[in-house]
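Notes for the one structure printed next.
Chain nomenclature is as follows: A, B and C, assigned in order of appearance, with residue numbering initiated at 1 for each chain independently.
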Amino acid sequence: MSDAESGARDEARSASEAPLRLAGRLALLLAAIGRAVAEGELDRRMFVKSLYETGVRSLPIVVLTALFTGGIMVVQAAPIVERYGAHGLLGWGAGFGTLREIGPLLTALMISGRVGANNTAELGTMVVTEQLDALRALAIDPVGFLIAPRFLAIVTTLLLATLFADALALVGAAYVGAALLGVDPAVFYTGLTSGLLGFGDVAHGLVKSVVFGVVIALSSCHYGLATTGGAPGVGRSVNAAVVVSAAGVFLCDFFVSFLIA
Amino acid sequence: MISFREVSKRFGTRTVLDRVTFDVPRGAISFVIGASGAGKSVLIKHVTGFVRPDAGEIWLDDLEVSRLGERELASVRKRCALVFQHATLFDSQSCLENVALPLEKHGRGRTGAEIRARARALLARVHMEPFADRYPSELGEGMKKRVAIARALALDPEYVLFDEPTTGLDPVNARRVDRLIQTLSREGGVTSLVVSHDLTSIFGIADRIVMLYKGRVRLIGTPDDFRQSDDPVVRQFVRGEAEGPMDA
Amino acid sequence: MSDAPVVEHPRKRVLGALGQAGIETTRTVGSAYGVFVRTLYYLVRGRHEPGAIARQMYEIGNRSLVFVSLVMGFVGVILVYQGGVQTQRVLPDLSQLGATFLELLVRDLAPSLAALMLATRVGAGIAAELGSMAVTEQLDALRLSAADPVDYLVKPRFVASIVMLFVLTIVSGTVAYACGLVGARVFFDLSPRSFVDSSLVDPVDLGSGLVKCLAYGAAIPILSAHAGLSAKGGSDAVGAATTRAVVHSSLAVIALDFAISFGAHALFGGYSR
């Protein structure tokens, strides 16, 4: 019991690691990944494999999350729309929130929990069992072979998943709107496409999803690589990675919202 | 030849290596022995640059390893393989893929088929060819250790460092690994540096032995020198006695 | 064990993945429900240990407060900004912005976002801790001394999580509202007096917000503890358990959010207008 408790304390200490130093470490990792890619060290086969795995892992939760998100958005938009008696605006009301904020945010949080955490656990296990050193002993660059492929796979997956989740959430929203408010899905779609929403709103969300992907991929790789201390250490790393990812995602959401407004 | 010159290493306040100096001659099987925690593993990890000395130099032929950066170390690691104490196979890959990986990454073989054939030949050298398509989680420790040795041999290294190769193996598997190390040196001309505290291995296959005690070199010599030594510390270790001058 | 991190057999089909996710969800819900029932049982019949509960309240509540409040502060500004910009496309005036924002916060955003943060921060923590205990056989040691880990470990976290989620929701919701107020002033030049307007918050909003707090607060520790307790194997098992905890609790929050929102609107929708 006392072991576990001191472990939890260590985790909190590493999670609340001076933010600037953490940002510095993430930047260094990003630079190393960039260098590996630029110098052609990226292992293409590992990239395809990582992409496939992150895709398969993400699909079920992205589908579930997107459908629920659409439903939630309609239920929340409903009273506002009803207050003005403007059913034609339901698509707009649920749409802008989904495309610009909630779609990218929730997809990122879920993928951070599923793929990011999994990535940390895998890398952490490899570090703890010296598999990473074994790579170096074979004169294979771990960044090009392991880190860069995973990084790129996570960023790509999140971008595609957000695009997919946006569409699915809006379909879900249309049918929840029909069930709850009696708004014909056709009216909903008209509300979406009547000109109040444009490609700009979709792009806004997609730009965010790329930034979120970078944040999630970097922090999950960083904490995986920084794992020490056996099985409990892997748990602590995963914990720290998801917390830092979540905080980073919201923080970046704030800045990106204004930067590209 | 691998040379350690006045190598010192501390972790925190603990001195692990204290001005260690010795040479590892080519073609022979050299052992570094000593009690657990005597700094043996740390010592050989200096050779491939996994650990940096606080003071002193490590030379691999005419290269000063201790001065090289991570990127330059790649060339050292191709010539000097390290077999870790735990097998450290990549668990997401089959035995064949594990052995093929360094071949692929370093362009040893033009086609996939050629690489796979080479990997199979390497597995055959350690008598693991029938298990080529198994995953590490399906194998016992002794088998994994042999696959790890095959993987380490993939790049035709001149030197192979073994970190406690027989620890955690049953006696039969341990002797098989010993025989493998012996064959590599006698028939393949490989220079082996083995870290061990397994007395059967030490007196079975060693040409030369370096004993570390409290971070310093205690004795260098042949197995016979060790058997006949009247140093009480050496005597206690080689006889495996509970009572003696060594610290608990 | 499909999400054991390192074992991968990449021949799984996409549909297979979806189907397996469905089967696993059912199985997880079933066995997590068992943990839930046992927790409720021990709440009535188990040991009384206010010390352990207080320690968990500190662990779950106090140590998440800064994280959750910080995030919610940023969220408050973003939502007011995005909502304001969009509303301006349709309506000429923003006089309802503050009132609508408060309504949304009370009804949904404050409890749901705080719970998503808690699912990440606390869910992962619980699973990592219990998972480590499971693989190092500390749980078996507990069982051998005739102590049910649910009573000793899950119950205090359950109580603490429910209580502290209410506190976190109220505090971080207030922070979000205050930050939104500043944002409205800066971006749209809205006076704080017109922003602070609780006329749209009715008992149904308040009620569904509180029900959400209770539901999330109960679901997160149960699902996370369940993930931790069922960890088997080596270091990859703890990582896998932690992953499962975060995914299951976050999904539970989103699903409960939908169910409760939908239910509240379907039952009391008329009243709310």
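Things to note:
Following the convention adopted for this analysis, a contact is a pair of C-beta atoms (placed from the backbone, for glycine too) under 8 Å apart; a residue touches a chain by one contact, two chains touch by 3 or more.
This structure is a prediction, so every number in the text was calculated from the model and none was measured.
Put simply, the chain nearest the middle, going by average C-alpha positions, is A.
By C-beta pair count, the most extensively touching chains are A-C. We define each chain's centre as the mean of its Cα atoms; on that basis chain A and chain C are separated by 17 Å. For this pair, chain A with chain B, the centres built from the Cα atoms lie 43 Å apart. Chain B and chain C have CA centres that are 51 Å apart. Residue positions 126, 129 of chain A each touch two or more of the other chains.
Looking at chain B, one finds that residues 91 touch two or more other chains.
In chain C, the residues that touch at least two other chains are 6, 8. If you check the complex, the residues on chain C that touch chain A are 3, 5-6, 8, 10, 12, 14, 17-18, 21-22, 59, 63, 67, 70-71, 74-75, 77-79, 81-82, 85-86, 89-90, 100, 103-104, 107-108, 116-117, 119-121, 124-125, 127-133, 135-136, 138, 234-243, 246-247, 250-251, 254-255, 257-258, 261-262, 265-266, 269, 272-273. Residue ranges of chain A in contact with chain B, taken from their complex: 43, 126, 129-131, 133-134, 136-141, 145.
Residues 1, 3-5, 7-8, 11-12, 49, 52-53, 56-57, 59-61, 63-65, 68-69, 71-72, 75-76, 78-80, 82-83, 89, 92, 96-97, 100-101, 106, 109-110, 112-114, 117-118, 120-122, 124-126, 128-129, 176, 180, 196, 230-239, 242-243, 246-247, 250-251, 253-254, 257-258, 261 of chain A are the ones that touch chain C when the two sit in their complex.
Across the interface of their complex, chain A is touched by residues 48, 50, 73-75, 77-78, 81-82, 84, 86, 88-91, 101-102, 105-106, 148, 151-152, 154-155 of chain B.
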